[in-house]
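Heads up: the structure comes next, in structure tokens.
Chains: A, B, C, D and E, in written order; residue numbering restarts at 1 for each.
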Amino acid sequence: MLLSLMIFIPLLGMIAVLLLPRESEELIKRVALLFTLVPLALAVALFISYDRSTAGTQYVVNVPWIQAFNIQYHIGIDGLSVTLLLLTALLGPICVIASWRNIEKGIKAYMALFLLLETGMLGFFAALDLFLFYVFFELTLLPMYFLIGIWGGPRREYAAIKFFLYTLFGSVLMLVAMIAVYLNSGAPGARTFDIPTLITLASTEGHALNNVNFQIWVFLGFFIGFAVKVPIFPFHTWLPDAHVEAPTAISVILAGILLKMGTYGLVRINMAMFPKGLDFFCNGIGFWGNSLALLGFINIVYGSFCALAQTDFKKLVAYSSIGHMGFVILGLSARNDSGITGAILQMFNHGVISAMLFLLVGVLYDRAHHREINGFGGLGTKMPVYTGITTLAFMASLGLPGLSGFVGEALSLLGAYDKFKMLTILSTIGIVVGAAYFLWTLQRVFLGTLNPKYEELPEINGREILTLVPLGILTIVLGVWPNFAIDMFRESVTNLIDVLHAI
Amino acid sequence: MEFTLKPFIFYGFALMTIASALVVVTVRNIVHAAFSLMVTLFGVAGLYVFLQADFLAATQVIVYVGGILVLILFGVMMTSGRLEMRIHIERGQLLLGGVVALALLMLLLTVIANTPAWKNLTDDGTELPPTTERIGELILNGPFLLPFEVVSVLLLVALIGAALISRKEVRD
Amino acid sequence: MVVPLISLILLCPLAAFAIFGLLGLGNRSFPRQDYLSTAAMLIGLVCSLLLLREVVPDPVPHTVKWISLGGVTFSMGFHLDSVTVIMLIVVTLVSSLVHIFSMGYMHGDPRYPRFFAYLSLFSFSMLFLVVSDNLLGIYIGWELVGLCSYLLIGFWFEKDSAANACKKAFLTTRVGDVGMFIGMMMLFTKFKTLSLYGEGGIFALAASLNTEDMVWLSIAGVLIFCGAIGKSAQVPLHTWLPDAMEGPTPVSALIHAATMVAAGVYLTARMFPILTETSSLVIAYIGGITALIAATIAIVRFDIKRVLAYSTISQLGYMMLGIGAGSYVAGLFHLTTHAFFKALLFLGSGSVIHAFHAMHAHGHDDEHDHAHDDHDAHGNQDLVHAHGSEIPPDQDMRNMGGLRHKMPITFVTMLIATLSISGVPFVFSGFWSKDAILGGVLGRAMEWNSVHHYLLFGIALFAAGITAFYMFRLIFMTFFGEPRNQEMHDMAHESPMSMTVPLLILAVLSLPIVNVLWFNENYVKPPEQPHLHAPQHAHISPDIKTDKAKMTLSLFGISEAVAAEEGGNDTHGAHVDEGHHGHGPAHTIAMVLSIFVAGLGILLSWMFYHRRSLSAESVATTFRPLYNLFWHKYYFDEFYDGVLVALTVWKARLFAQFDGTIVDGIVNGVGTVTRDILAVFIGIFDNRVVDGLVNRVAEVTWAIGGRVRRIQTGAIQTYLFVVLAGIVLLILIFRVL
Amino acid sequence: MQPLSNIESLLYFSPEILLVIFAAAVVILDLIVKDTESSAVAHLSLAGCICVFATVLVTHFSFSHEGPVSLFLGMVQLDVFSSFFKVLLLLATTATILFSLRSEELDARLKGEYYALLLAITLGMFLMASSTNLLMIFISLETVSLTSYILAGFLTHNPRSSEAAFKYITYGAVASGTMLFGLSLLFGMAGSGDLGQISVRLTELLAAGEVAPLAVLIAITFILAGVGYKIASVPFHMWSPDVYEGAPIPITAFLSVASKSAGFALFIRFFYSGFGSSELMQAVDWTFMLAIVSALTMTVGNLAALPQQNVKRLLAYSSIAHGGYLLMGGVLLTPEGIGAILFYLIVYLFMNLGAFHVVVLIANEEGSEMIEGYRGLASRAPLVAWAMAIFLFSLTGIPPFAGFFGKWLLFAAVLEQGYYWLALVGLLNSVVSLYYYARIVKAMFLEDAGEETTQTSFSTGTFALLSVFVIPTILIGFLNIFYTFSNISVPVIPMQ
Amino acid sequence: MTLQHYLVISAILFTLGIFAVLTRRNAISILMGIELILNSCNLNFAAFSRFMTPPEDISGQVIAIFGIVLAAAEAAVFLAIILAIYREFGSIRPNEVDTLKG
């Protein structure tokens, strides 16, 4: 009930916002904030009350929905989802606050769409029914399309439709795979979409879902769907465009949550449900056996080098996201506890850090109205606080120990090295290049002599700091005490590994 | 085996039908085509007689020759500018149309030749009672009542529609 | 007591930084951040001293679980042995003194509080590194000190040179760190832990490895050492350290002389038990080569801080050499002594700079202005003028001279440090530690009959001579002779108390009083090296060994005092350290030789730079190629630039870099090249190929759409044709299939 | 099941009879009412629709316990399937009448005939959904076709409308002629016009080798020409873009929904009830042909829609593509597939009519059917714009809108039978379709109208009507009842 | 005079109708072609009624009668539309009535 409440409160908020008159903008913003704060409170409550000692799903709600196809409204959380739910709920109010001043037109529609988006994201992470899962997955698509398309930058139309088309392309393949799983789950009438049931069936010897070939194909279907979202090379090109054009808060959501939906799906569906399919793609034998790790490696190196080449601040951060998600893929492909834990941590941490980075870019953009890295210089003297927070975020992102980015990255690599020695060693190039582009950016924007154009640039204001501080605290806390998060999903990961090794 | 004229007459009708139909689809002058069509329709009516469908043959003559053909001629007259009298035919179109039509013909002939159920069914020449009464029975008190009623609605619709569309526009 | 004390040591500086950080969010700062930080350091110092008594022979790590996964656990904890304590004392002591010194030196800087906050953060990180009992902890501290180094080098980030230097420092060391991380991955994969000590620690597990794993272990050892190469500025990753002198001088003293750069040595020493012959030899060679290269470069530098920087690199090379040659104690011993005298040298140079700088500031409102004004007018011995202008005037030794009267305390203390580093015998700590290393290397050479170690000994000895030479060159150019820049000289003055007191304390520490700790054999015990074995051919009789020693001696033309030492022996086997002074003939030989070369170096220096009976210029002209090699720092920067740039077609840029200024090295090299070529290529690739492929699909789809549309001609008979042809085709297709 | 006699059947046939009565009443009322501005005729026909609707329900619930009832000596059949379509068709007719009331392009003076024709075409469609005899099938088809020609050409002063009618009738006459030829072949093989008997006879003849499979195939293909032309499937689709573009918008809406639905009713009745027996399918496996037709239909529809600038034409192509999706469900004629078609038809009714409603509104306001006319609609009339966006995304098949659920049922049905390639083609097509639907959305939301935006106000009636389409488009997928509806409405294969 | 005779005649008529419809560039000629097609269908029905059903079953003939009626209705509407086309376009050449396309 708590969980359902949390998922649908933003939807209620959307209705509330829609009922308010268009002119009362302040009220709309406050209502939106309220309806994002409540899920946050609930998420914190869930986070605290979640029983860390078990891998089982908790707060389960399971009611029939479309009986004709045995579709259920089945939600529940395990350690992985509760972590990402918290992240989603946290970014909700932060994004509302971040949008407080810089959305000029149609604030009502904006907030309504945003709240709808939040429902989609929360529901996605809680769904335990494959059909529900897919519906929520797609539910995020439309608000995102409009949010980028209406409130975005100059090339917003292109970016929005590109995002939409790519994701839809992936998700239709996912749909085929999903239907295939459903149809193979049993005799007509006994079929199910229930994820836990499907996981059990898929590991039952002799069941149709347990067939290796079937799993490989279905794995691919789901994988492409999620790969577009993650995004994994070569499905990534929507990301820089979408990020660059999207308004700040939406970039935050995009990087913070939407990318995680891809990796979450990989863990929840691809890994847990198709261990044999997974085995085919990362058992380390031959080309296919290395393919997943190879994709991770390509993402890391390719994303990092592309980031290095950017002169648009936001694009740089966008490409850095691609690089960082590579670590997640690499970690997951290792299929051991450090790899998977690292990947999950990296998901969460990247959510926090990239959110910070995009917020920071937004702060600068709001003041200077451009994002050309080479167009700044020496801002460190004018904006010391901003510089400090940016440095913190950069350092976290480039994997400085003591900040959260390091733990996920290091664990992923440690895990991956066990299986894929050469690829992991090559992936460490990403660490150096990551440092290079962030430091280079730091230098070009903040260090050196002050660009006279920006003599009067105002310092970051309290509202902006308010959006950044919670994220900064999380960055440090998780860097210093990763068990804080790992405690939540340790059992779930152990459970998953058992499934993976049971084949 | 008694020698009868029947087959000759049958073949005569058949030939007449096909030949005139050929003229319909090839002749350049539209009025000639219309009159050829009349011959075709008569030929078909003759074939109906051979099939002992007397009422059908009568209907064919009355409705087709007396109704539709007149309608067509009216159409020709109302639309025939100098240009429209001659039917324009383009060679490429002729070729493509011919190929398709021939292909269809081959298919149909293959079917006709290869369907055992249709083979060797000779007209034994037995005289059947006139059909008019039975047709009336079927239409008014048999299974064809509903189609009959529906067709009447259809005819009404066609009547209204044809009047509506062909009505000369009174522009404001 | 151990845990609370260590916690206190760590938490005090961290708290000092945290206060700054929290207030910083509101763009405010604590009014006396300097006191706060200094107090934190002093508490740390006291605690460290208290810890001296807590050392037990076989310490048990105090750990907590940091990351616990289902299968493996990463713990964090303290490992407290004698070396840890000594390092703690060194760090807290030097840090405290630097804090105090900075109160004077940094006075008036607009970001004065921030400086102290950074220092606190650095101290915390360094201390964390020192006390960590596991590789992950060390790595964390390792990266954090890197961050602080970055922040502090770039403290005056308005200067482009500082901004470049800090970036270069961070990136260069990160290259090494990645190697270290790979090494960690190897160890972790093998042992499923990153803890070093205890039952399940890496050392215990590695001890049981058999010979097949030796290659693997050697690679892992060298990879871990890569971290040290970066951090301790060993060849080939040493180029960042001289540039790091862009930071404020106290930073140079603390981070880039005494502590952080020594962390690499510390790490190598920590990894001592898993070093194999191969990895030891690699370490020794890299150390030796570094010592030599850096020393030769130092000869021709004019920037007082760069001389010291190269000197630091060189001395760090010594330490590495010592550890690589098995002289565990000697290496660490040198680390300690070097920390004090090099900190002293840097602080002394800071004092000089401060003296000049204060004057400099009078003429210019901008206190960080380093415009190249009139100092070029003075007769300089610069042979490659293009490079001379890079040196800030207040650091250029060619502007100095005769300062010993103006700044007596600075002069005396610096002289003590110079004597110490030059290896002037007996009363200066540097002599003992350097000698221990030389003796250790020679001992290993003799014991193993190893050509490698003889060669290394020769290199080290040569470098020792050069060290004495360039250090005295510095002293002579700065403090002796006539003032070369009268205007600046007039304004120079002795530094305030806050600066001179630390100098004096460090001067005292440069005397061999700390040696006590190291001479006590029971206090510092070298760990066992289970995988280090003498080569097969090394089992030779003591007689031959002695003969060898004699031969070596006679080779150098010295035959004294050998017999007296013959009674000493070192039959403890390969894993017994020979750093303890006074043991074995090797040490005696080494001592004699080192005294000789040091004297030679000082003498030459005196002749060149004080008495001027020899002309540096003419020598430079005579050995022009050699001089150029040194001047261009062995073309390392150019090499990094060049190799990478050579990949490009952009020749013009290449040439501009060769005859223009020395653009900073690897970072810009990597940055420029990657941006211009590689990354741009990837950028294009991303846009054109990956994106293009998708767009092409879209275009094709669109085009097909256009085609399909064109079938819809509008002519009804076309449509009919399609229908009927369609029927025929459907039937035919069906018949065919 | 004994067919009822003509007299007995009358009670079961009351919806159709009522429809004829209302059509006649409309014609008569039109003669009485002289006021050209009066909408009495329209309201009478609306009332007619409602009465017929009620009668359909009453008839259904009074007689459904008897199971399928064969009426008029086997000419038509009353069953859940036909009732389902009658409800669906009446909804479409009602909506079309409402659109026509609001449309400004229809000629006011001709309203009487117009509404009478609408009611007549509804009658034809009713019969299409319930015919079980070849003759009845053909007559009902012709009724619908002839009326459609007239309706399409209704704007006599508009050359485009006349052209549409001309193309429509030429195309339709040839297609229905071809179909009639096919029907005659079928009749010739089976010796009967009754679908049930044809099925039985054909099975026997095929088994006995008396009839070559090719003959059946040709008959089926010829018949498919007639049915395919009604549902606008490739290669029988070519009339539809031109006709849809030329016809008055309400008629386009009606054709794209009602005519297509009726076509599918006929298709299902014919192929599923008539040819659905496994023996027949074994002998003449025409499912593969249908699969190809289906794949071609959606691909051609979607690809041709990509470059369109005229929204009506775009929707015409989209409607072709939807015909292709719907055909997927019919490929194997499993109960699941048929159920999916029925469900999708419900969904399609609401979303497509909704979209056309917006087209009517914009055409009234802008006088244009081009995409440019939709620019900045979001700022001028946000509710209308959002409604349109919902319809379009639903047509694309994006959750949570009903279109997705419909598609999902279709794909599931196809995948169930192992037609993976067909499902993939369908899914990729829906990705392509996003592109052109999104062009309209883009114009509405992402582009500014150019000049200063004036709020366009629409009447509350407009919004009420709009919400009648929007709410089902959002909700249908989430409600169990619709799945149940469509599943129980699947006709049973008559037991032999 | 077997069934096949009639069927062949009907098939030829049908094909000629199709040929006319495809090639004649005159709307009225197309109509004539359609009439040929419908005639061929009716002939089929009548023939099948004669040969394939019991002698007393004449439903095929009735269907043919309905076919004639439908053809008449269709012809009427067709001609009306041709008139409308002639009015609007001044031509009844089908290929000139092509404003709707693409």
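We adopt the following convention: a residue touches a chain if its C-beta (ideal position, glycine included) is under 8 Å from a C-beta of that chain, and two chains touch if they have at least 3 such contacts.
Since the structure is predicted, the reported quantities are computational estimates derived from the model, not experimental observations.
Any chain that touches chain B and also touches chain C is listed here: D, E.
Each of C-D and D-E has its own count of C-beta contacts, and the greater count is at D-E.
Of all chains shown, A has the CA centroid lying nearest to the centroid of every protein CA atom.
Taking each chain's centre as the mean of its CA atoms, C is the chain most distant from chain D. Taking the mean of C-alpha positions as each chain's centre, the chain lying farthest from the centre of chain B is C. Averaging C-alpha coordinates per chain places the centre of chain A 65 Å away from that of chain E. With each centre defined as the average position of its C-alpha atoms, the distance from chain A to chain C rounds to 39 Å.
Chain centres here are Cα means. That of chain B falls 31 Å from that of chain D. Annotation: 98 Å between the Cα-based centres of chain C and chain E.
In chain A, no position touches at least two other chains.
Shared interface positions of chain D, defined as residues touching 2 or more other chains, are 135, 139, 142, 146, 149-150, 153, 156, 162, 165-167, 170, 174, 178, 185, 188-189, 214, 218, 241-242, 307-308, 435.
Shown for chain E are the residues that touch two or more other chains, namely 7, 14, 17-18, 21-23, 25, 27, 30-31, 47, 52, 59, 62, 66, 70, 73-74, 77, 81-82, 84, 87, 94, 97-102.
Pairwise chain contacts present here: A-C, A-D, B-C, B-D, B-E, C-D, C-E, D-E [touch as defined].
Taken together, the chain B residues at the contact with chain E in this complex read 6-7, 10, 14, 17-18, 21-22, 24-25, 30, 33-34, 37, 40-41, 44, 47-48, 50-53, 55-56, 59-60, 63-64, 67-68, 71-72, 74-76, 78-79, 81, 83-84, 87-90, 93-94, 96-98, 100-102, 104-105, 108-109, 112-113, 117-123, 126, 128, 131, 134-135, 138-139, 143-144, 147-148, 151, 154-155, 158-159, 161-166, 168-169.
Every residue of chain C that touches chain B in the complex is listed here, in rising order: 717, 721, 724-725, 727-728, 731. Here chain B touches chain C in the complex through residues 93, 96-97, 100-101, 103-104, 107, going by the rule given at the top. The touching residues of chain D, counted against chain A in their complex, run 378, 382, 393, 396, 398-400, 404, 408, 411-412, 415-416, 420, 423-424, 427-428, 430-431, 434-435, 438, 441-442, 445-447, 478, 480, 483-484, 487.
The touching residues of chain C, when paired with chain A in their complex, are 21, 24-27, 65-72, 136, 139-144, 147, 150-151, 154, 157-160, 162-164, 166-167, 170-171, 174-175, 177-178, 181-182, 184-186, 188-189, 667, 670-671, 674-675, 678-680, 682-683, 686-687, 690-691, 693-694.
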